[in-house]
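Chain lettering (A, B, C, D and E) follows the sequence in which the chains are written, and residue indices restart at 1 in each chain.
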Amino acid sequence: MITYIFVFLAVLAVASALAMVISKNTVNSALFLVLNMVSLAGLFLLLKAQFLAVIQILVYAGAIMVLFLFVIMLLNVEDEESLFSRFRVKYFVAFLVGIAVFSQLLYSIGSFSEMLPEVAPEMTEAGTVEAVGEVLYSQYLLPFHIIALLLTAAVNGALMIAQHKIKPGASND
Amino acid sequence: MDTKHIKNDVDPKFLKKHQESLYDALEDKHTTVEILDEDPLNTKMVLNMGPQHPATHGVLRLILQLNGELIEKAKLDIGYLHRGIEKIAENKTYQEFMPYTDRTDYLSPYSNNVAFCTAVEKIANVEVPERAHYIRMIGSELSRISSHLLWLGTMVQDTGAVSFFLWTFREREKIYDIFDHIGGHRFTISHARIGGVANDLTDDALAMIKDFVNEFPQELKDFHGLLDRNRIFFDRNRGVGVLPTERALEIGATGPTLRGSGYAYDIRDFEPYARYDEVEFEIPTRLEGDNLARYYVRMEEMHESIRIIRQCLDKLPKGPVRTDNAKQAYPSKDEVYYSMEGMIHDFMMTDTGICPPEGSESFHSIEAPKGELGYFIQSNGTGHPWRLGIKSPSYANLQALEDMLDGEMVADTVIMIGGVDPVMGDSDK
Amino acid sequence: MISIDWFLALSALLFCVGMIGVLVRKNAIVIFMCVELMLNAVNLSLVSFSSHYGNVDGQILVFFALAVAAAEAVVGLAIIIAIFRNNLSVDINNVNLMRW
Amino acid sequence: MEPVTTTSYIVLGIALFMLLNSAALAVYAERRVAAFIQNRWGPNRVGPYGLFQPIADVVKLLLKEDVTPARGFKTIHAIAPMIPVFTALMTVAVIPFGDGLYATDINSGVLYILAINSLGVYGITLGGWASNSKYSLLGGLRAAAQMISYELPMGLAVASCILFAGSLSFIDVVNSQEVWWNVIRNPIAAVIFIVTAFAEANRTPFDLPEAEHELVGGYHTEYSSMKFGMFFLAEYMHVVVGSMLITTFFFGGYHLPFAGLWLPEMGVTAKAILDVSVFVLKTVFFAFLFIWVRWTIPRFKYNQVMKLGWKRLLPISIFNFLGLAVIVYFWHHYIA
Amino acid sequence: MDYLHDINAFLPGVIVALAGLVTITIDAYKNDHGSIYGLTVFSLLAGLILSVMDMFGPVGEAFTGMITYGGVSAFGSSVVLFGALFCVLISREYLSAIDHEYGEVYSLLLIATAGMLGLVSANNLIMIFIGIETMSICLYVLAGIIKGQKIGAEASLKYFLLGAFSTGFLLYGMALLYGATGSLYLTEIAEGASSDLLFIAGAALLLVGFFFKVSAVPFHMWTPDVYQGTPTTITAYMATASKSAAFVALLIVLSKMIPAETANWAGVIEVIAILTMVMGNLIAIVQDNIKRMLAYSSIAHAGYLLVGLAAGTPEGYSAVLFYLFAYTIMNIGAFGVVAYYERQQGLDFTDINNYVGLGFKKPLMGVLLSFFLFSLVGIPPFVGFVGKYLIFAAAINAGYIALAVILALASAASVYYYLRPMVYMYFKDPHKDVPLVRSGIVFRSTLVVLAALTLYFGIAFGDLHNLLSSFYTADWVTHLVGQ
């Protein structure tokens, strides 16, 4: 059963990723990415990381991709020409690079499979909110603070960049 | 987007020339305001609101140039309900024209009748009996309440509270019933006649009016209770569509729109017609000039109308309701049915009608619910007016709308239309 | 139970798809989305490892990666808007003012 | 995550069935309540008391022509209406209807709800965008901005409930209210949550995405037939789901007031019947509240909605959360 | 209390981060650039003093092993704060002159600096990730603050897209390292290290990510464009503080986490170093734009630094640290003088051809530019020479003769483009009379102080070098006590 679910989700993830890269229309690309993220969240569930599965949807699909869609709609980007309309050397090179990196990674991962990889039994506990939260607020307190700082700075900076011509010194409320 | 774009972007399918001139006007308007913003991202678009739109009170058409949710410029296009009423009048006797007046501002037909009658009476020097004056006043004030009730319902509905519409319509229904008993018509009543009114108030009608006058203040209080302290309603109306006094005068706004802008002009008080000089009432006036001010003005006017009706009922004199002069008014039905002369007079009235002196002209205006409603009549000595002009309040008030819309938000558009309270039949004639 | 290396292989595949996407696409927004896909793929790897070891650290890194991706998205999209203002296009082939 | 049992399937099945039905019932209720408020009769022709009116509505919608804007985006135009329905249906999975009566107990159920909720914005935005109409686009953008803005105070209001439960599981949230309902312990968050629930469901006074007065129909202006029906259905399902969430988070879920203090032990069946009826009653009340407000109050303006969300609700919910956190901390460490 | 100890260990970072938040608040409510600027300078100065004091203090771990304090971390923090402080000092006048002085600039600078402080004291992959990202994301924004012009937006887009792309590799590297060892702590990873393919792939991807950030050659494409499109003083900040932070982190990763025996790391770094030095110097020669020239020169300097890392000995590491400090001083100085010329009206002073005859017009600026460029070349009395010498020596001692030779040759080639502006300034007649604005007192004195420092550390480098070497000797505490 779980094998079938995995195969389904994996095929969905890969197909939506490919569709995202190939799609001419930017909105379609964004929606395929959302589909990809949702299927990844499903895979997280298979790995018993429930908290991250939910967070994946909440943050990626619910926030980041909505922002993407907003920007795409705002800019009203027109369709590109299809990737396959014209062959370019660039594509070939990119494809080769991709294949090379992939085979290299696969080869490296092959060394891992000697280690009897399975979902550890303690993962049932480790994937819960409590487990993640406890570590997050004790061991990883400092990065947590810094990430809060980063998010504040990012919003602040993004406002500054995206706003149209605020005069320095002018109040901008 | 520079202004050239707007015209190129739209491709009108009908009335091409007119449409293009409209878009031109949109571009020309406020040429003093330079568009410094050369941002390719600014979300300007031209929104065509109406003439078929659920919230524009008929066939008003607004062309809005939007920047996001903000209205940068607005252009009004009126005339979709033009029926040539003024021209029709030239082919009708004065009395025959009466039903047409009902159909200009169809929310307050009685006031229109009275306005037209007084104008004709002025040009033809017709004396009107006392009792008729009072009946006309009662009718006018009732129609004022009816008109304001409709304004209240639609305006509140425009802000989003749908049920209010039905509550105010229940009250209007009572007024319709009263009109039914007064003149035999619920809506287009045509009760006033040149030289008086068609018939005396029946006892039924009087009783109903008394009942209404006693009950309505309580309803009004309920309306106040629902709206005055409703924060959402308050916030949506306050500071919206501000029309300064000077601007209102320049544009020629009248009625509650003008009084909401702080100019206490009311013809009932300044140039009393009928017997308004004999009753006591206040002229509700607000200084703010925003939509909330107009709301208060109209609400208080309803109070004043009730007060006037009460006084009229108290003072209602006995006597005839139509002038006895057979050259100036229809004889009563008794005379027509039972005397030869009466029948001849009736025949003459219907055939030729009242003939004001040749070359005379008159203008008379009254305070209709929407503002100053005036009829201008030129006579060539026949029973038809040579020229007839209507100074309609909606037309004047709509001119203020363009001014008020600039710089407001799209969501305010409908409220402002509601606040100005135009009736397209009145404006387009 | 599916063994972890299938997840890892999937993650590598998605990573490479994202990478190829970054290399072949011209639309800045799509390129950015491909980068997000890469980050997602890495997240899958991290979660797989984390559930292999049964400890939380990998998941914590995913959490931070998510937060960073959010911050990056905010800033990146703002930058893309800024470039659109100047160029009227988000095609990176048009971003060639400076060479060498 | 608990293993999926037969009870889960049964509960889920019944819950989904009931949700779909309750949406239909909500449509009927909306009409009847509106009529009651407006001194009218409302639907009374189809079936006894007009009860079959929703069926007539659906049949009407099904028989209508399905118009797709010629220059719109056809696939997305078709997909968009399904999304809000899906998200509304997915919510039911974690809501406990009674003691032990729930489809599943996700350990991060509250986050799950927030996550699912955040997906709902896609349907409206895409629907507005794919219609290729100015009114639709304005409505869609308004909706998206509004829903995103109100997710934050909603999340914080929920978070302040979690302080009492100490868990993100719905079962724990409900059980923590056995004696004291959260609305008593945490009234500010309750108000905020109710307000945001209205906003998330796009109901009056926050129905400006579909403000028929200025935007004709907002994001669903260009929709017709069953595609419109889906949006319509989703709206009422959101009303019902919103009522369920209000009940669960703040009004004790399936618990009677102060039930922990006086309610005697009961048999399983009796308890189940009692729980479900209490839950349903509360939900019905809040659904009625939704309808009541809809027909009484004017709607906000766009900038007022934003101001309310960001300048009022957000700071209030943050301070409420912080204050409660401090109180709860001291309570646990020094008093209790 | 434990928490207080932790805070104390990261006090410079805490101060800078709080200042960042306060500046955001001030900017939102009052928009008072004077107080924002004052607060920024004050917090950076306080942080600098604290971290310099930290250098002489004990070494340890804080925040449950997330960060280390003292030693290399403290030195790294000092360099970063030094760079940030001096960049801020010269920024205000320049930014208000080019009409881009936003309050956000300061808060972003402060938060980026806080991220860098986390990065240089990192002891855990998460800290490295967060540190790098905090730094980079703030810098993406800072690169694009010249919004009205194409050049600014394009700089920030390029920086952002390539930076985000490299983040993917960095994170994947971390993931694989975590997969290979099951931990995120640098020390534990070092313990679990093996010549496992997974580990090697992880480390390689991590290094790719780092090479992007330090702009080593195959991954350097963004550097010249970004340096050119960014306001000059912010460029100085990018070129010095952020590069130092990334290098210190790379140094920490290489020295602590990746044992040399797992693979032939030195070989990889050697190749990259050679490429970087050669490419950087060669391309810099043909540049006419002084900012692009400095960008390629900074790439070349990255190559020199990589030589020190390739050496892989304590000597090499301390040489790298010293060189980072030297590089920070002279690069800020050079960019500062360029910033001064650039804000003049009339001519485009980023073009070297327009520097003709400027040397005698404002003698102070001419002399200062000469100071910094000489130092960048590596001519004896200046600090640049000492840095290069130390690296050279370390490479020779570690047996990397070829590297050392290429370093020397590359430096020789760099003489051409460093001396070209000076030749233009002093030995050519001006072709147009351009009035030069007088610079402000703070601006001038900052540059003078920097020039003095290049001289001071060029002559009296012993103490600092000893201190840096002592970080890598086991008995460095006794060494300090013995002084």
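FYI, a contact is a pair of C-beta atoms (placed from the backbone, for glycine too) under 8 Å apart; a residue touches a chain by one contact, two chains touch by 3 or more.
Only a predicted model underlies this, so the values are computations on that prediction, with no experimental measurement involved.
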Which chain's mean C-alpha position is the greatest distance from chain D's?
E
Of the chain pairs B-D and C-E, which one is connected by the greater count of C-beta contacts?
C-E
Greatest Cα-centroid separation from chain C: which chain?
B
Rounded Å distance between chain C and chain E, as computed from the means of their C-alpha atoms
26
Gap in Å, rounded to a whole number, between the CA centres of chain E and chain B:
76
Can you work out the whole-Å distance between the CA centroids of chain A and chain B?
62
Whole-Å gap between the CA centroids of chain A and chain C
6
Which chain E residues touch at least two other chains?
126, 130, 133, 137, 140-141, 144, 147-148, 156, 176, 179
Among the residues of chain A, which are close enough to touch at least two other chains?
48, 51, 55, 63, 74-75, 105, 109-110, 112, 140, 143, 147, 150, 153-154, 157-159, 161, 164-165
Quick check: what residues of chain B touch more than one other chain, meaning two or more?
39, 41
Where on chain C is chain E touching in the complex?
8, 15, 18-19, 22, 28, 31-32, 35, 38-39, 41-42, 45-46, 48-50, 52-53, 55, 57-58, 60-61, 64-65, 68, 71-72, 75-76, 78-80, 82-83, 85-87, 92, 95, 97-98, 100
Chain C partner, complex, touching residues on chain A are 2-3, 6, 10, 13-14, 17-18, 20-21, 26, 29-30, 33, 36-37, 40, 43-44, 46-49, 51-52, 55-56, 59-60, 63-64, 67-68, 71-72, 74-75, 77, 80, 83, 90-91, 93-95, 97-99, 101-102, 105-106, 109-110, 112-113, 117-123, 126-127, 131-132, 135-136, 140, 143, 147, 150-151, 153-155, 157-159, 161-162, 164
Flag every residue of chain A that touches chain E in the complex, lowest number first.
104-105, 107-112, 138-143, 145-147, 149-150, 152-154, 156-161, 165-166, 168-172
Contact residues on chain D for chain A in the complex?
1, 73, 76, 106-108, 111-112, 114-119, 121-122, 125-126, 129, 137, 141, 144, 148, 167-168
Which of the residues in chain E end up touching chain C in this complex?
125-126, 129-130, 133, 137, 140-141, 144, 147-158, 160-161, 164-165, 167-168, 171-172, 174-176, 178-179, 182-184, 224-225, 228-229, 283, 286-287, 292
